[in-house]
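Across the two complexes that follow, chain A remains constant while its partner is chain B and subsequently chain C.
Showing the complex of A and B:
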């Protein structure tokens, strides 16, 4: 980022002069939310960093232990498992919801009779609260439930297993409902992006003899750059904060096999009452999110410069 | 008072944590730290506030009735504040450490109460106990903290056992076993008849497995060892603990394989429908049972493994403790005295649906053969234990859930599982 700034040394001075003429109203609009954020977000966040250096049960005052929590984390197999699961989650949940959402948007972008129904059907899962989603999927996965009945009907009964209780399948059985919900959401974002593409571009490409694959690759995708940025941030943030669906389906179990960093943080804090260690996990989640988002911002700045 | 059991966790209340993102996460944790204010109880009016986790409809109505009765007596005024169980559990430390805490709380006797007492958070209720002279010594000991003063007033307790349907046992031509050998033989018979012998519900309620651990440990190693183990004075990788799991392993082939996937409520349904033979569970499970099935239910005591070990039973005790910082200690003690009395306890048993035994020896329990049998079993026990989390802490419970569900899946890894259990338990004890 520093490189970007040093290549354009003129801009800051020009900006500064403009900001001198800011109206008091604008200043208030900036400062009041900043003050509110400071109290409700920044200060607690900084406190979180401090707690990550302490041992604290939530009742007695915290005791400072230096980097002990981080040292413990390095040797904590459950933490490593949760980190790995979070990466799997990011890749599968993120990747598949982009592919699925984009694919659905492409299929459903053209106005045809009944297309509204399909769009609505795909978007419906987003409307349900996650608690309801979890209840529905629990019925789907339960022993002799819909999943098992379906498998039996097509003669694959040897695949039947306790989906949410088997450590081999629990994580994936939880990703599926999360995807079911996310694809509709991502589809709507892409649909909006596709609508904004000037039809003349496609027209011109067609005149130049581009086939539909070439038009997708060289017209549609480049035109969606703005939407991609939104989708990427939504996906990364949604992946790292995924908690509710996991917690209501498996609570990270059986024996930590579907544990994500977010669920591990919660259970450490509010079941294990080890708020210092839980804060340290929170810091790791924060750093991960920051790394992804900064990585993106740096690229965005470079492209602008 | 079945929903005193913390194991019956309802995390739905916490799904509001959906937005628990990176930054939000740390702010959420620290929000708890900095909120020393807590709920402001209505102390100004002189009313005693009672914070109750009895949120199931019948239990809530029963509590409301008790408080109304107390207020009608004119010895003081009280107001009831019912909180969802899981919120109550996670917020309890915050309530107790806040500057202006509610006066009285529903909670558990034993290690949990002693832990708060050791932090000087609980009101000394030895005065109340002076009027409870006829209470059994076991309950008095249970309500006494390390410094020798009483900090807890018990309301009732319940028992655990192998529940079954009498009609099904008659149809299968089997009888209650007394010893572990007879028990395994019974399992074998049921299995040969095509019935999964032992029901269990670990999906969402993995703590149910702890009943097996508790019982086998108190049957093989005795209650004193069990308590020391849960207090961190013994090790989970001790050969004595390994002996518990080795014994348990003998029964593993008889467990209902579907039990891993559904919660204990559905395991109850399976038992009542005759899809499993028997189910080791606390009496609270009957809340979910249809009324017509209740008359057909019976239970037997957890089989004796080693006759040389004094018989102990699990009898989780529910009741009340008060905040040390209460603004109205006199009113609080008056309310506690009322709640410990025969009248209040009988009224509670009558109004609530659960099969519970009132703590006051003068109070009559519900008049049913099941309750009479349960009471006789507890009366005959040499020692009473509470339950895994109550004899240790809610913080230790998840370590047991992890270790025991893993053991039931991978019984050939006992040594590794116990080592892991010991190391996660150490972290909990260390804080």
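Showing the complex of A and C:
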């Protein structure tokens, strides 16, 4: 809401030139990028939906089978497991990275000694690829690695297990490194948002006798509404896309215990060569992301208006 | 009371920072340990040896050099091309009354928000069809195509807010559209271009999914997927894997340190808008 208010007064003063005809150069400026994206994104996306209605091994031409793939999905236990894991991923990875990132941003928002270092420390993993992150954490989880050494040091050796190879812990052992990398990123987004809040609002609330919890609840959080919307969309889209970290650590195993829809889709397509069924899984991922994508676009649309 | 709180704040934050930096430091230290040391004492022990031979092994035997070259061959042209094309589109869409401009812009943004999974199979098939499969060209093309929408959207927001008078003055001085773009708009857009450049460098450099979708041969793999191959090649040589990990992380860390401010403002660009 605040964003719309601040942008509206600018529009009348800005003078838009009415060019009677568009120069060919300008047309090319728009058409060339649009064509590139059409070839590599729009057209493949349309094909993706079509393939989901076919049976296809990649060699012979695809045969149309209607909604058979979706019917099969309903009875596929691995698919249901992957769907459930994706929901767990969304809640744990998404939820905890927002809470953690917001918490860290609140703690580190005030400039004081050492804050720059702490921010940098939390932000460092963001620049690593998820494959690098995975390898760093593999050392942690290795038998006799850091996790085991630490547990032994505090006398909890009965908890020691093959973290990534145990179906009970694999998914959570993968979420942890993903969080480690994401929290710093979310923190930066919130820090930028917190910085944009007018300090006078806090001052006024303090004058009115609001305590720090009330100020957080009634000043900070409402003022962050724009950032919240962006962060939530980014997190949901990121969660549904998550692939690299799982693929690098467990490939979805053992026994599909850390399988997400994204990894199941990839292995079905490129290892199982069931391209039609894999496309149908991809469509499910798309449908799950759709609401968030539309929300994001509506927001963007309002801003452009 | 105040002193106590400051003390608690710093103690807590130092512990937390250690939790974040510890694993990284551990891997760097491990990359300098000898194989025998790790075999005897495990990856969880403190170092009792020092060698840099692990880096030579990862660099030459592990093929990290080849992989880094591939990464650069993909990343640099991809960043340049996608930002160039996005700047062109953003310029035309933000400074001229092009019919349907808002729809075009949002359609392009929507393309970037799609989950890549829906595109993987068609993109792999399309690159086979065009003979680009298993070449770095395919990876460059798909990185440019997929990134364009977001870059265009961000640059559009930036260019739209530049004052119109500058463009008018240039027009009165007789500058054509191309000149206004290259001589006036691009220099003014530099902060946003730098931010997006730093960001997209790390995104493309760090990518795994697109690379393993359009590439197959080990020799063609950029460093991120190659790191997974290295893990298979040096199964229990944790020191070499650690050295390979450090090598793969250095370029993005370097870009981050060099463009730190741009990088962070780039991340924030989307959020505060």
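FYI, the second predicted complex is superposed on the first by the 255 of 305 C-alpha atoms of A that agree within 3 Å, B and C clash if a C-alpha of one lies under 4 Å from a C-alpha of the other, contacts with A are read in each partner's own complex, and residues count from 1 in each chain.
Note that in this section a residue touches a chain if its C-beta (ideal position, glycine included) is under 8 Å from a C-beta of that chain, and two chains touch if they have at least 3 such contacts.
None of the values given here were measured: they were computed from a predicted structure.
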(message) Applying the document's definition of touch, where does A:156 land relative to chain B and chain C: first, second, both, or neither?
(response) neither
(request) Check whether A:196 is in contact with chain B, with chain C, with both or with neither, and answer first, second, both or neither. (result) second
(request) Go through the superposed model and pick first if A:266 touches only chain B, second if only chain C, both, or neither. (result) both
(request) In the overlay, answer first, second, both or neither for which of chain B and chain C A:91 touches. (result) neither
(request) Examine A:221 and indicate which partner it touches, taking first as chain B and second as chain C; both and neither are also allowed. (result) neither
(message) Looking at A:165, would you say it contacts chain B, chain C, both, or neither? Reply first, second, both or neither.
(response) first
(message) With both structures fitted on chain A, tell me whether chain B or chain C touches more of chain A's residues.
(response) C
(message) Touch test for A:204: chain B only (first), chain C only (second), both, or neither?
(response) neither
(request) Classify the contacts of A:55 with the two partner chains as first (chain B alone), second (chain C alone), both, or neither. (result) first
(message) On the A-aligned overlay, A:71 touches which partner chain: chain B = first, chain C = second, or both, or neither?
(response) neither
(request) Mind sorting out which residues of chain A both chain B and chain C touch, each in its own complex? (result) 40-41, 44-45, 47-49, 51, 58, 130-131, 142, 144, 237, 240-241, 243-244, 247-248, 262, 265-266, 269-270, 275, 278-279, 282-283, 285-286, 289
(message) Which residues of chain A touch chain B once you look at their complex with the stated criterion?
(response) 40-41, 44-45, 47-49, 51-52, 55-60, 62, 72, 78, 130-131, 141-144, 162-167, 237, 240-241, 243-244, 247-248, 251, 253-256, 262, 265-267, 269-275, 277-279, 282-283, 285-286, 288-290
(message) Residue numbers of chain C touching chain A in their complex, please.
(response) 9-10, 13, 16-17, 20-21, 23-24, 26-27, 30, 42-45, 85-86, 88-89, 91-93, 96-98, 101-102, 104-126, 141-142, 144-146, 148-149, 152-153, 157, 161, 164, 167-168, 177-178, 181, 202, 205-209, 212-213, 224-225, 227-228, 231, 238, 241-242, 244-245, 248-249, 252-253, 255-256, 263-265, 267-268, 270-273
(request) Could you please specify the touching residues of chain B with respect to chain A in the complex? (result) 11-12, 14-15, 17-34, 90, 93-94, 96-97, 119, 121, 202-204, 206, 257-258, 260-262, 266, 393-395, 397-398, 401-403, 405-406, 409, 424, 427-428, 430-431
(request) Going by the contact rule at the top, pick out the chain A residues touching chain C in the complex. (result) 3, 10, 14-19, 22-23, 25-26, 29-30, 32-34, 36-37, 39-45, 47-49, 51, 58, 107-108, 114, 117-118, 121-125, 127-132, 135-137, 139-140, 142, 144-146, 148-149, 180, 184-185, 188-189, 191-193, 196, 226-227, 230-231, 234, 237, 240-241, 243-244, 247-248, 261-262, 265-266, 269-270, 275, 278-279, 281-283, 285-286, 289, 293, 296-297, 300-301, 303-305
